[in-house]
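Each structure below is given as structure tokens.
Okay, so chain A shows up in both of these, paired with chain B first and chain C after.
Now for the complex of A and B:
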């Protein structure tokens, strides 16, 4: 299993709130291989961001990890001490977020923030760090990097701030980069630039990327393999090509159908009825069954297992007998 | 409540709205005395026609002025300059159009055109007149979470509009009307007494549409109505919008940054860049025979959810310049792969490249692109 950098196994997590216990993650499983871009797709509230934070060891106070482990390089992140976590956070696993300007400290220049990050993880003096910062900005194709170093975050556009975030994230050559909706707040033309940059850097540095997004288009462009999440579970898993070309899970089929395309023009869009369930009292069995047009009796009672439905294509759905993985 | 002649089914559609040379400049103030030191030209002279019962799509990146344009048309913000001719009888609209396209106007024609425009120009209306006109023109905003009063339940949030415009209505009348509106938009009686925070994003956007319909409008500005929603919910809202359009003969100005949504829903499309329309035409013209380099670049940047198209996106160089200090000449020249000398000096006119397909690019002006 040497080619696997990250393995999330049977992860089930609840959150305690004033309203009651939220049963958010329900048996999440996926693996990320070395040197691949893995996409985690799903709509808002499906648990994709919670999963990514758990991978960073960022466990909220009110979280109760009922079962499962997250193996990074063979070691369970959930069992690591705070000091062990600090050694890997930002160094071996780093992260970029949806709102790049909000992720930077507004009162420090880009230069100071970058130097801070670099000196935190590498034993270099300030001048070398500054030099490295400049090199990193050049690596992320930043226009006018010298000026950007002297700027405050509010002086940057969204695309530039995201490049700064990426430069900081890759400063210590991480093995895994978690990108949580990094292009959602950006315009399409800028999104295209950032996607290309992430792909280039991933190839150049040989790192793995966990790309979290709600946009199936982005996933189709960028990711080698994906996991489709719905209401806290992975419902489809495998090669991007097979899942999107020939979706087998009713949720994936519904999602693909709901995207407005030219050929739908003048006809109503096939949409998925209803809305995402409440985590206080999620549906029994398959969590998708109340919205599924193919729902059967068994779907209401038992949670479906992941089964193989094609080459490198797995779904958790009772419709498919398939061979078990 | 609707004027006669606007409803009937007619084969030939007439314009409902003519926008002419609309401008909105925001002053930049500086110093202790707050002296005006410059202007952000958010909307810099746009003209277009919107026909009855059609969806006119407006696309552009953030900062292109599309929202400012939508708000200016409703005069929710005061335009700096321009004409907004709204809801004139179809004969008048046709006469205006005819006079405008006439090669040489006699003095009498000019006077007639001015007089006609003046009568129906929203810019010439006072506050009281605008208030009654606004019953016919409504807006749905991007963020449904912040466009309702959080302290009022949905009945009051929508009812307050009815009460404002029709003070004679009784509480019971309002109850009934609000319920009717909510049901029309796919909500139910149980939503009536709920507060905004108790509704999901999709439900709230349905309620926003219900609110926009409260006064039986003819024209609705849809300002990114689905951008804050998930794809599956977005599909539901788009379906609802189209159903209502058919039932109530509504005309939409649909503003969005999402090209696939605009493609799906619009009959005509205007592409905006830094306050100007750079391309305008029917959906087929803009999507299949696109001419402007910016439109092309936009299309090439969209990631399609088709794994066969992996690696086909081509990023456009650079970012949208600040509207505070836009480049001279064609505003797109700093990012345009085809820019020549003329583009850096002079702004290109919007020219017809065939069948009403308008493009603002020197490449399509004969003899200019050298």
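Now for the complex of A and C:
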């Protein structure tokens, strides 16, 4: 138990909107161990970013947490006050985002933003903070770090901006880094560099990483273990290799099947029929059943529990309704 | 483009703006079915003692004096020549004094009033905007909304009369007119140096009169500030809420930055539109001061311009048009420079 840094348990969250109540997260469960890279995979709108924001304690005004807890180092993040949260945000848990240039304040110089972050969690004066900022930029392999410090965010490329974000994120040696699609907006070569950097830093600082993405290729390269999310629930969970090599959940199988492969040349690309459900009125039972080719009667009525289907491989599916975890 | 080049280019543009604006005003003035010289010469019927012939001669002399007997394009050419090369705007038809001098004497009174008003509007407007945005859709926000929308909706002249009546006449807390108390002035006289009495009294160490001048400023300044205050408050709230949704604010919160820094991060980004409308309102107040100056007996150019309009004092009207457009241009230029200073993404003078 003590090797778990973050544990998300039975997290069910609704959002109030003008159209009605959106039942977004439905009993989300996963654990992240110390020093591992955990991938949360799923398509747009499946709730992975909402989950990551909840871990940071960034709860939107219209969110209603119906049940569940998020234990970070054994303490429930959802019960923390704003000042308690501010003590761990950026210090114990850091986050980087999909749009690195948009994540930096456009009207302040990089050095000012970095100094603010460093001085917020460390008892240092401005000069020391500036010195640290320079060292951090060197640590993230920033080309020409002195010039970058004097730049405004709009003068940086996407890759450089993401390096700045990473430098700020690791400034206080966090125990957990949440990376919310950090490479989606970058081009492929830069993407590879940033992934390599995250991996390097994770090993150097011994931190855990929660890597959120929809890119199965990235997951396969980077993550030790993954959780596959569909429509607000984790449907497959376990070691990356086992899940991707031998998918057991129909959704994971569909995703793997939809990857373009040379042997499919000339044939239409396989896809999963239908689309992500409307959260106003999500399907009862297993939320995947309207799109599932194996759907049975029970799938429409009851939500499947997580069951073990192999070594370090769990799925929530009635097809494998055997032994319980 | 350096800031110096940019300013020079804007000044050159200003010349064309003034040519355009004076041209339109000139045409309009001459399209009126009146004898513009009559104001200067006086109406013979007002003075029965004057012989008709003598009056006719005076009228003719006035027309010649102002070149009103010459073709329009020659008149306009002379006007521009005098304006740009001699900085001479002619003589007031009504007061028979140089227009430039008349305006220069009254401008400080108005400027003092509108500067104080815009400072009040900006400070109160931004504060109310920030509070409303922070308490979005809560009671405080609704209350602030009522206050700021009232500010925009109440006509300045009506508010001026209302304030004058309640706080001046009924409660007697504030003086109802003038820039200072003449009796008090008699005991503590000060010299007019800049024409800004707050500054004049201060540099002469006359704190009694400084207090009196400030006291006289309160009601007219509040009346003038009400519209820009409301507009600034609404604009600040709207842009701040927009900015609070931006990714960088989200990211800043995820970094655990305290509220103080988050507010600073958001406010600097939200200031642009607020500054723009502050600038526009500031320039607009120069002419908008008309009613308020009239009601509070202020004796600034708002009042003077009003008199010129009522009396068809054509040289003063032309002069006012030049001064007001110049003021607009200067204020906008200053706003643009401040904007570029606040937001490094704005580069002056470059085409986007």
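Here is the rule we use: the second predicted complex is superposed on the first by the 324 of 325 C-alpha atoms of A that agree within 3 Å, B and C clash if a C-alpha of one lies under 4 Å from a C-alpha of the other, contacts with A are read in each partner's own complex, and residues count from 1 in each chain.
By definition in this document, a residue touches a chain if its C-beta (ideal position, glycine included) is under 8 Å from a C-beta of that chain, and two chains touch if they have at least 3 such contacts.
Predicted model only: the values in this text are computed from it and were never measured.
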item: Combined model on chain A where chain B meets chain C, clash or fit; value: fit
item: First (chain B), second (chain C), both or neither touched by A:103; value: second
item: Touched partner set for A:64, first chain B, second chain C, both or neither; value: neither
item: First, second, both or neither for A:312, with chain B first and chain C second; value: neither
item: Which of chain B and chain C A:240 touches, first, second, both or neither; value: first
item: Touching partner for A:268 - first (chain B), second (chain C), both, neither; value: first
item: Touching partner for A:157 - first (chain B), second (chain C), both, neither; value: first
item: Contacts of A:116 with chain B and chain C, given as first, second, both or neither; value: second
item: Contacts of A:141 with chain B and chain C, given as first, second, both or neither; value: neither
item: Partner chain(s) touched by A:10 [first = chain B, second = chain C, both, neither]; value: neither
item: Between chain B and chain C, more extensive residue contact with chain A; value: B
item: Shortest CA-CA distance between chain B and chain C [superposed frame, angstrom]; value: 6
item: Touching both chain C and chain B, counted on chain A across the two superposed complexes; value: none
item: Chain A to chain C touching residues, read off their complex; value: 56, 58, 85-91, 94-95, 97, 99, 102-108, 116-117, 120-121, 152, 154, 165, 168-169
item: Touch list for chain A against partner chain B, complex; value: 43-44, 143, 157, 159-160, 187-193, 195-196, 214-222, 240-241, 244-245, 254-262, 264-265, 268-273, 275-276
item: List of chain B residues in touch with chain A within their complex; value: 61-62, 200, 202-203, 230-236, 238-239, 242-243, 257, 259-261, 263-265, 283, 287, 297-298, 300-316, 318-320
item: Contacting residues of chain C [partner chain A, same complex]; value: 246-248, 250-258, 261, 265, 268-269, 342-345
